[in-house]
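Right after this note come the structures.
In the two complexes that follow, chain A is the common piece, with chain B as its partner first and chain C second.
Right after this comes the complex of A and B.
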C-alpha cells in the first residue's frame, strides 16, 4: 500500500467521521431555524421590551431596568388577576383530574358492553373537539339569564329567580371555571383511560386474593400506577389553563368589573386597549417565568420516568 | 453501500433545499414587507385576471365593512376603483373586533395594510404611534377639495381619519310590548321613560330597557349610556379634556341609570352583554326600548319580521328644550404610515369619498354619507330608515369619544366605575364620576 493510498484512506475515514458527527445537526437544523425565528426571537423581544419605557408607542424608548416589574407588582389589578388566575387554574386542574379519573374508570369497567363503551367514549370526548369560540357561544346561550340552565333550575324549583351566571360578580368566575372544566376534562379522561388499560390485571387478581376491596384497589394499585400520567397531565394542564384567553374574553371580557380578570386578559388589555406594550411585555414575562418553572418540573419528571 | 450513499446524499439535498427555501422566505419576509406581499398578491390577481403586468400595484385594504355590507358589495365597489385606476385592491375583511386587533398588531409591527378601516375611537392612539399617515399632507399634495367632507378626525390639528359612512344611534321601541302593557304615549322625558319602563315590567314581565356593559366590548358606554347625556345637550368634555367631576348633567344621567337598575327594569345580564346580545334580546321581543345603530335595522327586520317596532328620539332631562344630540358612529378610513404606496392608497380613499361611490356605499350600509355632496338614493329604503334619517337630520350628530386617547379604555373604566356605583360599592354618583375623572386624566397626560 503506497503512502498516497494510506492518506486517501485516512482522509476518507476523516470525512466519514465528520459526516457522522454533523449529520444529526443537519437533520435538526430546519427545526432549529424555525424555532429561533418563531420562538426565540419573539421571546427575546418581549423580554427586552419589559425593560424599557413604553415601547412601540415611543420611537426612542428609554431603558428603565426593573421599574416596570416594580410598577406591576404594586398594581392592585395585577394581583386581582393573579388571584383569579390561581382560582381558575387550580379549580380547573383539580376538577379535570377528578372528572377525568371518574369517567375513565366508568368507561373502563367490564360491566358496560364494548359498543356502549365506544359510544360513551365519543360522547364524553365531544367537549374537547370544540374550539374556544364554539364553547363560548354555546355556554353564553346556555347561561343567558333567559337560557336553558335557568329554565331548568326554575322548573325544578332549585332557584326562584333567573341567575346572571356571567354577569354577576359572585358567579362569573365560578361560571367560566365550570365552562373551562367542561371543555378540558376529556384530555384527562382519554389519557387516564389509556393508562388504566396499561395496568396489569395480575395486580388486581393478587389483591383480590389478599381480600382487598375496590377502594383499597383504587388507592393502592390504580392511583400509584397512574401517578406518572397524572403528574404529566397536571403539569401540562396547568400551563395550558394559565394561558386560557379566548374563553374568558368571549364570555365575560374579564368582567363584571374585574371578577374574571386573569393574567391573559390583563395582558391583552394592557397591550391592545391601553397600548402599554412595555407593561404588557412585563406581565407576559412573569407569565413566561411561571410557565417555565412548571415546564422544568415537567421535563425533570419525564426524565425521571426514563 | 452505493444506495446508502445515494440515500444519505438525497436526504442531505432535501435538507439543503428546505433550508434554502426557509432562508429565502425569511429574506422575503424581512425586507420590504408590503412590497413583496403586494407583488405576490398582484401576481395572484394577474393570474386570475389573465393580465400580466408586474408593475401593477396592489393595495391591501383591511376593514370590517365587507362583512357588514351585503355579500360582494365592497368587492364590486373596489373593482370599480381598479377599472378606473388599474390599481388592484386586496380586501382583508374580518369582523369588527378582529379587525381592531389585527390593525393594532399591524401598527405595533409596522405591517399594517396600506388602507385601513378605522373607528374614531382608535385614531388618537394610532396617530400618536405614528402608524397611520397624516392625511392632511396627502390631501394637500393631491390638491383635494376638503370642503366636501362632512367631518375629519384630527389629532394635533392634522387629519388622520375621514368618516366614510355615518351610523346614527336612534332609540328603538317595540310597539307590540307597549301595546301589551297598555301604554299609548311614547316617553319624551327621563321620568316618563322610567314610568313607562316600570309599567312594561310590571304589566308584561319584560325588560323596559337594555344596555350592554360587557368590558370585552365597552362601546355600550358610548352608544347606550352617553346617548342619554348627549340627547339632553350634555357633554363629558371641556375643551377636549375630561369634565366628569361635578358635571351635573352627568350626575343626573348616572343617577337615572342606577334608578333603572334599582327598579329591576333593565334586561338581566347587562354586565356581560354585548351589543349583539342586546339586539338579540330586542329581536326576541324581551326588551321594550334600546338605543342601537341603524345598521342593525335589516338584522332585526329579518330576525323578527312580524314585530312592530319604531324609532323615537332619546328622552331628555326634564325642562330641556335645546337641540338633542344623537350618537353617531362611523366607518372611517385611513392610510398606513408604513405603506409603500401612499399615493395610490390616497387615490383609493379619494375614490371611496367621491360623491357617487360614497352615496352608493351609504345606501347599501343603511348609513349616511361622509361626503357632504353625496346624494344617496334612499327611494327604495325602508320607511323606518327614512324616519330615522329625519330624526338624524333634526339632531346634532355627536360622538365625544372620537379622537380621544385610548378611547376604548376610557369607556371600559367608565363601565367598571358605573357598575361599582350601580352595585352600591360607590356611594354617590359624584364620587363615581370623580374617581373616573382621575383615571381618565392619566390617559390625557
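Right after this comes the complex of A and C.
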C-alpha cells in the first residue's frame, strides 16, 4: 500500500462526497434558472416599473416614488374596474360553488349506476374542455340579439324585445359573469365529487338511525365534511377568476364604455393600447399584492390540513 | 315512509340531470350544428336545427386556407416543444425533491408553488421588455419560454407526488450494480412512472394549446400565432362568418377533447390532487 494509493483513495472519496452534496442541486438547476429568469426577474422588473415614470418608451425613466400609485388610486376608471372585478369574481365564485355542489350531489346519487355516472360526468364537464376563445365565440353567437337565447325568451314570453346581452351597459357585466360561470363550474363539480366519494358512509348510516332527513344530512354531515375542499376551491377560484382576461377581452373588450372593464383588461389596455406602461405596471403590482394575500391564506390552509 | 320520500328525491334527481345536460351540453351541440349550416341560417328565426342545406363548406374553407392551417401548425409545434421541455425539466426537479434532503429544498419548493398565485397579466409588461431584449418578440421562443413558467409548477408538484409513491429500492438497485443515479432515474424510474408522465404531459399540452393572453401580446404576425388567437382574428376579419368560426372552434377543440376523453381518469386524479388535498 503506497502513499500514492492512499491519496488516490482519499481524493476519490472526497470527490464522491462533493458529488453527493451537489447532485440534488444539479437536478434542480434547470428549474431554478427558469424560475429566476421567468419569474423572479419579471416580478422585480414590474415592481421597479411601478416606481418610475413612463418606462419602456422613455429611455431614461425618472424615479417618482409612489406617484403612480397615487395617480392610479385617484383614477375613476381604476375604481370602476375594481368594482366590476368584485362583482365578476364574487358572482362567479358563489355560482361555481352552488352549481358545483348541486351537480356533484346529483352525480353521486345512488339512483344512477357507475356507467351512467361516468357518461353524465363527461357531459357536465363539457364547458371545461373548451378554450376561452371558443367559449367567447360560442356565447357571442348564443347571446346575439338574433341568437338562440333571445329566441327562447321571446317564445316563452319572458321578454318582448331582443336583448343586447353584450352590447348594453346594463346587461353586459351580468352576461360575461354568466359566461364565466358556465365556463368554470366543472372544476368545483369534479373536486367536490371526489370529496363526496371520500365521506364515510357510516356517518350517514348512523344519522339514519337517528332519523335525520336529507336536508339535515346535507347541513350536518355533507357540508362540514366538504369544508376543507370548499375553502381550497374558493381561494383557488378567486385567484383564477380575478385574472380572467381572455373571455372578457374576446366578448366585450371591457365595454360597452367601461361596463365590463375588470382589472386585467384595464392593465392590458393601459399597456397595449395607451402605452402607459408605468400605470399598467402599477395596477399589476396591486393585483399581485391581492393575489399574494389570498395565496398566503391558501398555503396556510393547505398546511393546516397536513 | 321510505317509498314516498324516494319518489320525491328521484324526481328532483332526474330533473337536475336533464337541466344539467341542457346547461352544459346545449351550447356545445349548437356550436356543432351551426358548423354545418350555411352562414345565412345561423340566426334564422325560428332557429334551424339541421339545415336542408347541410354543408361541409365551413370546414373546407378552414382546411384550405394556408393561414388557418398555419395557426394549427403553430399550436401543435409550440405545445409539443413545451410538453417535451416541461417533462424533462420537471422529471429532474421532482427526482431531486423525492430522493434527496438538502438545505434550500423548502425555499425552492415554495418558489415553485408561489407561481400558481401570480396572475399572468402582472408579468406581461416585464415579459414584453424581456422578450424584446432577448430578441424573441414575435417568435416561437417567446411563447415556449412563457408557457414553461406556467406548466412547470404543476408538473413538478405532480411528478414529485408520483415519484414518492415509487419505492426507493427501484433506483437504488441500479446504483448498487455500479450505475449512476442519473442512469437509474432514466432507465428504471421513468419507465415505471409512465402514467404520471402521461397525465403531466396532457395537462401541459392543454395549457399550451389553450393559452391566449401571451400568444396575443408577444406575437405580431400570423406566422407565429396560435389557434385561440386565430379564432379571435377570424371574428374580426370576415365580418362574422359564424359557420367558419364554429368549424374552426370545433377543429381547435378536438385535441383537448380527445385527450380528456381518453385520459379522463388521470386528468381528474391529477387535477384534484394537484390543487386540493383532502
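Note that the second predicted complex is superposed on the first by the 279 of 306 C-alpha atoms of A that agree within 3 Å, B and C clash if a C-alpha of one lies under 4 Å from a C-alpha of the other, contacts with A are read in each partner's own complex, and residues count from 1 in each chain.
The criterion applied here is as follows: a residue touches a chain if its C-beta (ideal position, glycine included) is under 8 Å from a C-beta of that chain, and two chains touch if they have at least 3 such contacts.
Keep in mind that what you see is a predicted model, and the values were worked out from it rather than measured.
K.L.:
Aligned on chain A, chain B and chain C: do they clash or fit?
P.N.:
clash
K.L.:
Report the partner of chain A that touches more of its residues: chain B or chain C.
P.N.:
Comparing chain B with chain C, the partner touching more chain A residues is C.
K.L.:
Should A:127 be classified as contacting the first partner (chain B), the second (chain C), both, or neither?
P.N.:
second
K.L.:
Is A:146 touching anything from chain B or chain C once the two structures are fitted on A? First, second, both or neither.
P.N.:
both
K.L.:
Determine, under the contact definition given at the top, whether A:253 touches first (chain B), second (chain C), both, or neither.
P.N.:
first
K.L.:
Applying the touch criterion given at the start, work out whether A:277 contacts chain B, chain C, both or neither, answering first, second, both or neither.
P.N.:
In the superposition, A:277 touches chain B and chain C alike.
K.L.:
Pick one for A:64: touches chain B only (first), chain C only (second), both, or neither.
P.N.:
A:64 contacts neither chain B nor chain C.
K.L.:
For A:27, decide between first (touching chain B), second (touching chain C), both and neither.
P.N.:
Once the two structures are laid over each other on A, A:27 reaches both partners.
K.L.:
Considering only touches as defined above, state whether A:87 meets chain B (first), chain C (second), both or neither.
P.N.:
In the superposed model, A:87 contacts neither chain B nor chain C.
K.L.:
Is A:56 contacted by the first partner chain B, the second partner chain C, both or neither?
P.N.:
Both partners, chain B and chain C.
K.L.:
Report for A:299: first if it touches chain B alone, second if chain C alone, otherwise both or neither.
P.N.:
Touch status of A:299: second partner only.
K.L.:
What stretch of chain B clashes with chain C when the complexes are fitted on chain A: 93-101, 129-137, 201-209 or 435-443?
P.N.:
The stretch that clashes with chain C is 93-101.
K.L.:
Shared contact residues on chain A for chain B and chain C?
P.N.:
Common interface on chain A, chain B vs chain C: 23, 27, 30, 34, 56, 140, 144, 146, 249-250, 271-272, 277.
K.L.:
What residues on chain C touch chain A, complex-wise?
P.N.:
Per the touch definition, chain C meets chain A at residues 5, 9-10, 13-14, 16-17, 20-21, 23-25, 27-28, 30-31, 34, 42-43, 45-47, 88-90, 92-93, 95-96, 99-100, 102, 104-105, 108, 111-130, 145-146, 148-149, 152, 156, 181, 209-210, 212-213, 217, 227-229, 231-232, 235, 242, 245-246, 249, 252-253, 256-257, 260-261, 264, 268, 271-272, 275-278.
K.L.:
Sort out for me which residues of chain B touch chain A in the complex.
P.N.:
Against chain A, chain B makes touches at 8, 11-12, 15, 18-19, 22-23, 26, 100-101, 104-105, 107-108, 125, 128-130, 213-217, 268-273, 277, 286, 406, 408-409, 412, 415-416, 419-420, 423.
K.L.:
Please name which positions on chain A make contact with chain C in the complex.
P.N.:
On the chain A side, the touching residues are 21, 23-25, 27-28, 30-32, 34-35, 38-43, 45-46, 49, 56, 102-103, 106, 109, 111-112, 120, 122-134, 136-142, 144, 146-148, 151, 155, 182, 186-187, 190-191, 194-195, 198, 214, 228-229, 232-233, 236, 239, 242-243, 245-246, 249-250, 264, 267-268, 271-272, 277, 280-281, 284-285, 287-288, 291-292, 294-295, 298-299, 302, 305-306.
K.L.:
Residues of chain A touching chain B in their complex?
P.N.:
Of all residues in chain A, those touching chain B are 19, 23, 26-27, 29-30, 33-34, 37, 56-57, 59, 140, 144-146, 162, 164, 166-169, 172, 249-258, 269, 271-275, 277.
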